[in-house]
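In order of appearance the chains are A, B, C and D, and numbering begins at 1 in each one.
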Amino acid sequence: MNRYAFRYSMRQSFQSLSRNAWLAILTSGMIAISLIILGGFLLLTINVNQFIHTLESNVEVSVFLEEGVNVGEVEDRIRNLEGVAGQTFVSKEEGLEDFSRTMGDPTLLRDLEGENNPLPDLIRVQVTEPEQVAIVAETVQAYPEVELVDYGEELVARLMQITSRLNALFVTLGVLIALGAVFLIVNIIRLSVVARQEEVVVMKYMGASNGYIRFPFFTEGLVMGWTGTVAAVTVLGVVYAQLTSAFRQDSLILLFQPVTDLERLLPIFLGLMIMGTLMAGFGSFVSIRKYLRV
Amino acid sequence: MNRYAFRYSMRQSFQSLSRNAWLAILTSGMIAISLIILGGFLLLTINVNQFIHTLESNVEVSVFLEEGVNVGEVEDRIRNLEGVAGQTFVSKEEGLEDFSRTMGDPTLLRDLEGENNPLPDLIRVQVTEPEQVAIVAETVQAYPEVELVDYGEELVARLMQITSRLNALFVTLGVLIALGAVFLIVNIIRLSVVARQEEVVVMKYMGASNGYIRFPFFTEGLVMGWTGTVAAVTVLGVVYAQLTSAFRQDSLILLFQPVTDLERLLPIFLGLMIMGTLMAGFGSFVSIRKYLRV
Amino acid sequence: MIKINNVSMHYPGTGEPALEEMSIELNPGEFLFLVGPSGAGKSTVIKLLFRELLPTKGQIYFEDKDIAAYKKDEILQHRRRIGMVFQDYKLIKQKTVFENVAFALEVLGHSPKEIQKKVPEALQKVGLSHKEKAFPRELSGGELQRVGIARAIVKNPDLILADEPTGNLDRDNALQLMELFEKINREGTTVVIATHAWDLVDRMQKRVVALAGGKLERDEKGGYDHE
Amino acid sequence: MIKINNVSMHYPGTGEPALEEMSIELNPGEFLFLVGPSGAGKSTVIKLLFRELLPTKGQIYFEDKDIAAYKKDEILQHRRRIGMVFQDYKLIKQKTVFENVAFALEVLGHSPKEIQKKVPEALQKVGLSHKEKAFPRELSGGELQRVGIARAIVKNPDLILADEPTGNLDRDNALQLMELFEKINREGTTVVIATHAWDLVDRMQKRVVALAGGKLERDEKGGYDHE
């Protein structure tokens, strides 16, 4: 290749795109759809993940205290533990009231108030990560001031198991869908190249090198992939923004807060763009291979 | 058309399929991928639905009884209510024990045993449908034997709202993915027809009617769609069977039981097959339209 | 049979019209050569008669019917009655030689038996019996051209339109095929041939319509040139 | 320049070979006509020389190198030195006439300036200056053929291989183009033309290689027929 090759190649790319406009638009559209499905699934995954995480993090550790201990001291020690998000002190009086209220009658246990109160004081500890529940419980259990620690081991274990299963399921599905999307994109491009095989053969007969022929196809693929990707990311972004704002406006649904931090969304959107663009370019590149053998 | 037309058309279809075998396989494969994504999503949807339903149905109605009433009579009346799945009687003694146990010390409230027990008797009622919770609670509240009914109104309302939102989300996504799949299938077929436009034009010049030309393309589309669909349904079926059996073997995960009744799975699989096949046939049919105008 | 009345053809987006105010009449059973330099408009006339194109001005009557006014079904009927030899062959790539020729008969609804009989006959007439099972990509230029001719004559058409049917044929083959057209013509088929084969035109001494730059230059019985 | 040594070509899946034990030698600056009936093997010879095909037997030497042993890059170099006129034109549908001709120069790395100069010159030589901006689908058969010729000559090749370059051209145009080939030949380019145009072959009195059924029949200076 010489100094004009790049110029001729670029012109060739844009000419082809505009002369095969209908095909190019169709191809971009199909790439966009493939990526929207993949991206939609990824967004769903991180939200389901977040939802389950929220559910799990809601599990509290109940720390029952020995009678007459210095509550503030215990609270200080707990506060300094790793993985503790917060704590609430529930005095034995409040505990009794709570219990009565659940029974439907605040005055139900009036006889037990004051000196007769058999309940211990209680600190409810919230943790940051579900995995911390068992660790925090064990640590606190060892404090001499603590009579007993309780956190529904069974429920946590069950939730953790469901989580890991669901995670495995979503990761598997995600990988499969991603592979499917790659297969679709590469082959959509391949079909669009089939219609132009004669062109490739003629170029080859003119003495054009494989690289010279491939380069315009590659850039065309990149452009179509890029267009489809931008369309996909735009659609996904707008729809997702609508959905999250609809969910968030509703303060009732506290448990289900959609993921909105850019830190987690950006990799998905960027990943889609890079994947769509590269796959389309790569698809063009390999698709003409078999027509180059003349 | 005359009596030989059908025969010629059928032969034409199978000839084209075998002579364009590579294209046909590619097309079927792409249709299969599209349908696997759609079908996978539908299966996910019915399982998420089932999961949430199970969660909701776990909400119990606590019926606190007046002192000294005939428990059996109340139980009988509750049993005959619509939407009641079961009930458990918890005597005041058991209630006290339960409470003590949650506090971490079965002997904690020993003083309150027997005559001093301030707790009422309790019946826990399980319902069949989450929507029944409020209705059952209201009905039972009106019984003279009942002191109070409690079921965590707020939690139920919240769950219901999440459910309806999630349902709306999944239905919307499902519809979008289905539309995407249709778009993909129709256009994949269209691309495969582009490569054969000259053939259509020549047929038209030979005086073949549109129907005569279309029929083989239509049946080819049906066959490719059918092949892709069967592949998709087989893959989905096998993978889903594996997944469900993996989940079910684990008795710990009681809350998350995958959907396995054929009544709900069959429509999905049949729907996919019909959709994939028809869309491919329809795609072929419309794709050659523009080449027929000569 | 055919009346071309003051027909002009102006391809959209081009400067001068490819055909300008041309008028000729053609009786059933006639044998007509269309001659003229490259780009003169010969193929355009053939395509107009085939109703592949519609004239931008003027009318073309086929058996006293304006073919521009044909309904969808009449277009099909029209084309079924015509045996067309395309300048660029227009064979179906995915079909063998036999299948390409057979297709013309299938469209007409002939029985498989008739097809099994007529196709080999036609191929034999153009000297391609040994290439029945070949695909177009496996044929030489002249062989492709002869498949196109076989496909046109196999259905005993009322009218043969042949656009440069001997351009890729050697002298002997070309002469034989010209004689084949003449024989078919003697059996009643009207024949219109656009050609550059001046030697054959001279030899046949038929009616010659000469075009130049889209205009009718000459219309008389005789040879390729005006003398 | 070229030595064809005992070459046979047997297309896979066919009965008889398309070319059988053919041997000829061609010196630089020669002008050769390849003649023979349809299917004789003329295009096969041209394709072998272009290295579009590899012979099943025998060798072809180009400047004393066996072209079957060419490396990838040498194949490109070989084709760049040849101006090929394909029997089926092989123009790029999506490119205009100008672009099709220009492409041959772009591949060689000519500057845009040179291209702007040489392409119109070549088109003018074949009489197609007015069709620069047309797409192949908008051209007549003879015009397509002339674009193919312009593309072959524009790059001043060392060797011209022309397969039936005048099949769709009228007598005057064909003669002009033959004279163009002769002029290019006089300037030093070796020319090989496969053709059925017996009148032109007779007129030019060059070396004629006649094939029949894949076998070399005749190789001598003179006319189309053996006298």
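Throughout what follows, a residue touches a chain if its C-beta (ideal position, glycine included) is under 8 Å from a C-beta of that chain, and two chains touch if they have at least 3 such contacts.
All values reported here derive from a predicted model rather than from experimental measurement.
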{"item": "Distance-maximising chain from chain A - centres being C-alpha averages", "value": "C"}
{"item": "Inter-chain centre distance, chain B versus chain D - centres from mean C-alpha coordinates, in Å", "value": "66"}
{"item": "Distance between the centres, which are taken as Cα means, of chain B and chain A, whole angstrom", "value": "22"}
{"item": "Where chain A and chain D are represented by their mean Cα positions, the distance between them in whole Å", "value": "62"}
{"item": "Category of the chain touch graph - line, ring, star, complete, other", "value": "ring"}
{"item": "Chain-to-chain touches, reported pairwise for every pair that qualifies", "value": "A-B, A-D, B-C, C-D"}
{"item": "Touching residues (chain side chain A, partner chain B) in the complex", "value": "23, 26, 29-30, 33-34, 36-37, 40-41, 44, 62, 64, 99, 102-105, 108-109, 111-112, 116, 118-120, 147-150, 157-158, 161-162, 165, 169, 173, 176-177, 180, 183-184, 187-188, 190-192, 194-195, 243, 247, 250, 252-256"}
{"item": "In the complex with chain C, residue positions of chain D that touch it", "value": "11, 13-15, 35-40, 42-43, 87-88, 130, 134, 138, 140-143, 145-146, 163-164, 167-174, 196, 198-199, 224"}
{"item": "Chain C to chain B touching residues, read off their complex", "value": "50, 52, 73, 76-80, 84, 86, 90-95, 99, 103-104, 106-112"}
{"item": "Chain A to chain D touching residues, read off their complex", "value": "1-5, 7-8, 15-16, 19-20, 196, 198-199, 201-203, 205-209, 212, 294"}
